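One chain, subunit A, appears in both complexes that follow, with subunit B as partner in the first and subunit C in the second.
And then the complex of A and B:
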């Protein structure tokens, strides 16, 4: 069992040949409503290399959860319009057959949901659900095997074995969150998505769980996406961060760069909405205004109506995401990405690992 | 569990006593007098009425009558019917079987069909089948049972002549053995269909909304994300979570098994409790009426306890406390 898993991994490493584990290319997601299409995700390009941890931040309604839900193809088919491409390990997630998707789910990509209190059926014991979820990808697994695996993971996330015999309502929010994290790891997936996984918890429990997540990432060599509206969570746990606003990516880059010296006015505003823990007390400014109507987004940069630094061009033309150097001065103008014309999916250019990408006219976004 | 049952049973007994006392006074306050009806004359002499009143203890003050009644009930004696001149329990016993056969059959059919259709609709919301089913459900829900019964008689008995019009047995058919059961079954079809049809919409609607609510729950998304087979998610996880409200409706319907089918029983001349009760009300047969009320409240109380226990079995969040 273990041996086959390793050869699999080796094979896939060779196959992927230095390409990102997850490539999101020109992805758009619209929700069908009675009065029009709400563009929850709008032409997003994002890639994630194996071993990276990516944080996706943005205020409520910015499309973060929709983005990750579409990666697992969990959006209701009848009410959403999804265009673009999501490549996971070279597999076209949005178009692969259902069986292929069922194989990828949980075995390769697993997710920990926002409301862990509701993530388990309230009328079935934890053990029963663990057993069923484990057997999805290992139908013949014996009870002892499953128990051994889950108890090992419970130990990792600091849960007592007796939790298995309890019903979800008998556990606290933090315990349920740990159960969900343990569950997400039963098949040692390549990518784990934490969708606001700690948002509902108090800061102490959140801190403990984040520490555990970071330890797991190190020990199990996980690749992870952490979706949150809390910049401190990203600062603590992620190597890279993608800032989202109204369905579009504003800025992507290393946490140390983006959070310390943000370039995009939205990122600056988002960061100044949180009080700094150290240093002198600064005024918390926040960002005045509200999200635009996503059924009829304004022309030009989606953030322009709220942007304190908006220029004339900002209200006319959408900025193109551009790779910038560390200080934001020199533009690497020739590096554009997104699906090439020849849409031969293997040949798409993706920004190099660690690139700092900004979608703003102030930083070369008008080169298109 | 034992204590829980005891508590529930205690509450049930109190409820039954309260219902009986209330009914006793209401029925006596209502105008009408069994002695007058029994005397059978347009203008009976006061002596006849006085004698009848004394015979049945109707001349005593109400509270005395009530206490006498309770004393007898505790001994297991439901009294003597004024109109039929036979023991109340015998009268009830004769008809209880027929009624339970009809009401249980239709309750179970309605429960199974209604919730299956509701679940089916919930998984195909907005489709044509869903719209058609919802329309039919509304139609049936707004249809009086007696009218539906009459229409079914008209179509299947009068026009097509494939099913009997009324009654529970054919007097010419054998009264024992397999043929007897077949005969009863034959007579049961129309009234049971009528009763099921008017009950199905309640199950249909409640199951439809409850299943569609559960399908939107986060844990369903979680199981989907785990790659679990959609059918397994539905059968194992959605179903058990969605069944509770349906069980409630089933319990409510069962509570009325004893007398709830009165109208249908009359339309089909089904020899059941409903007709017995209406006759007793009409002729102010106090002892019979009280006996029927007792059986009725007893059945309501028992079903409620059963439903409560079932609830706790189905939903671990509900405890026996």
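And then the complex of A and C:
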């Protein structure tokens, strides 16, 4: 797939030469606590091509929010230890200067949080806030230009222009969340991250927003990451899914493959805890046990203590993410993902588009 | 048999609970809402004429958007709120008079499990005291050691093993899933006839959610407790319920067999709700029915169908009169002008 991104006025065609828009390479994030380092994200490799939609699913505490926060460098510097590389469009996000980061945020990568509405000022009308935010990246913009852009986006997220003249307290939670989604799109960013953006909303509002997100992906050629604990949201909206557990990626692949024929025992467990909406009623089962202590993670596979299929090797050695083919056979066993030669970032191997990657000893996760 | 989301309804025809036209109107202050007449006053009609009955061991799921009155209804059913109109009957006896006459006996019959397990318990009591106090109050067990034994058994049954380890822990030492189990164990210890479960799994992680649902099903089957299961999660509700009631602005708009409601929803609101609920199976592509806006506050709604302002298939009639009940057979009832008998 040739990655072509339509941006706003300065319509640049990004020739990324087949490289992903976002590359997360061997990223680890640790939180400093009084009693030790909590490894919230542990050696994660993940790439996202332009035009793709990726869902990151996992239970609470699995590190999915930490992962996306580190991509935007939103974590407190004094309390976190971040290692690895994040490349966005070739820019090394974790090492670029602050000014560059300020330029990227909102203009190139924007994010919508679960309670984004709380970020709106209660004492300013929506319009004033829109104007303010718009001018951060386009200081000379005229009122008419801003109004035209925001009204177009309001139309897209199904809000009436009247909302501009209201204060946040006059709007319902669902409407505020829509305002925030519209705001996140004002600069037509290349990448939008929805971090549980629809979780607190009612079924109908959530359904409508997800439909809108999918339409925006088509119309504006958005690339999106949807972080959620609800696999049904991912099943509905995303093309690819990454399953996270205790800070590590368990399984990455196409939604149609991973959610229909999961290979990793954790993914299987997660899916069998969701009752189906239609069809025959199956007994659902949970995953026994709880998240391990991330200050002192168990040796070997992090999921092994709760895994119903754990082998002896699982408790000894960490599995290596391996590309598997559809029938679950090993496919590219010798490919190890991650940064290769120290600075030769161009030589990093990333899994091909649509690859199904599993980190499990049962599927060739032994060290190659 | 432990719960497998059985679709067969309980065979016993014994009616445990019936709600007849129950209402809960909260007075709304005129100054704030700038509505209403000088002396008539305005009301937020949280629950506005709900009718249903529940048989022994039956599980009724109640779904709807936030603000539709599902939680208020749950509180009315267990006597935590007093209805402003209508009657609730427990095995043929009127609930308010039961509550006045012998509150203890009533409480033993009707229990509730709340949404947030962290707020449910007194943080200074350990699990042993949390569980044995209701036993003591209701005079179950002759000695403390016997009561402790009962608690242990109940904990083990609910999957908290070894029970002795849990007995002397405090609520903050347990995870959300474990606490919610304790909450269910506490409610079921008295073998109530009737239990309200108000969003019992919405705060829990998906991996523990299944176990809690199965625990509820199992306990309900063992002591044939009827459950009103309130949730906004349609697939979870379908899993656990025999019947489903859909609420909108304080009224039931559709009620019927769980699978029937999910596969053949008739009310436009139910159809919108179900079509917008994402399925966990990516192969199941469904287009959500678009409806306008969000539920308004139920301040003097009507006179027509409450859903008419947002409905995608309104007729003239819908704006003038509230629809009558339409019986589609097999206990499937719907309140809509547009549904043909």
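We take it that the second predicted complex is superposed on the first by the 349 of 368 C-alpha atoms of A that agree within 3 Å, B and C clash if a C-alpha of one lies under 4 Å from a C-alpha of the other, contacts with A are read in each partner's own complex, and residues count from 1 in each chain.
Simple rule for what comes next: a residue touches a chain if its C-beta (ideal position, glycine included) is under 8 Å from a C-beta of that chain, and two chains touch if they have at least 3 such contacts.
In this text the structure is predicted, and so the values were computed from the model without any measurement.
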Clash or fit, subunit B versus subunit C on superposed subunit A: fit
Does subunit A have more residues touched by subunit B or by subunit C? C
May I ask you to decide whether A:194 touches subunit B, subunit C, both, or neither, giving the answer as first, second, both or neither? neither
Identify the partner contact of A:133: answer first if only subunit B is touched, second if only subunit C is, both if each is, neither if none is. first
Here's one for you: vertex at subunit A, rays to subunit B and subunit C, all C-alpha centres; what's the angle to the nearest 10 degrees? 70
Which of the two partners, first being subunit B and second being subunit C, lies in contact with A:303: first, second, both, or neither? neither
Report, in whole Å, the shortest distance between any C-alpha atom of subunit B and any C-alpha atom of subunit C after the two complexes are superposed. 8
For the subunit C and subunit A complex, residues of the former touching the latter: 3-5, 7, 65-66, 175, 205-214, 232, 234-236, 238-239, 259, 262-263, 272-284, 287-288, 290-291, 294
Given the complex, residues on subunit B that touch subunit A span 126, 217-219, 221-229, 232, 236-237, 240-241, 314-317
Complex contact set, residues of subunit A against subunit C: 59-60, 172, 174-175, 202-208, 210-211, 229-233, 235-237, 255-256, 259-260, 269-278, 281-288, 290
List of subunit A residues in touch with subunit B within their complex: 72, 74, 78, 101-107, 110-111, 113-115, 118-125, 132-133, 136-137, 167, 169, 180
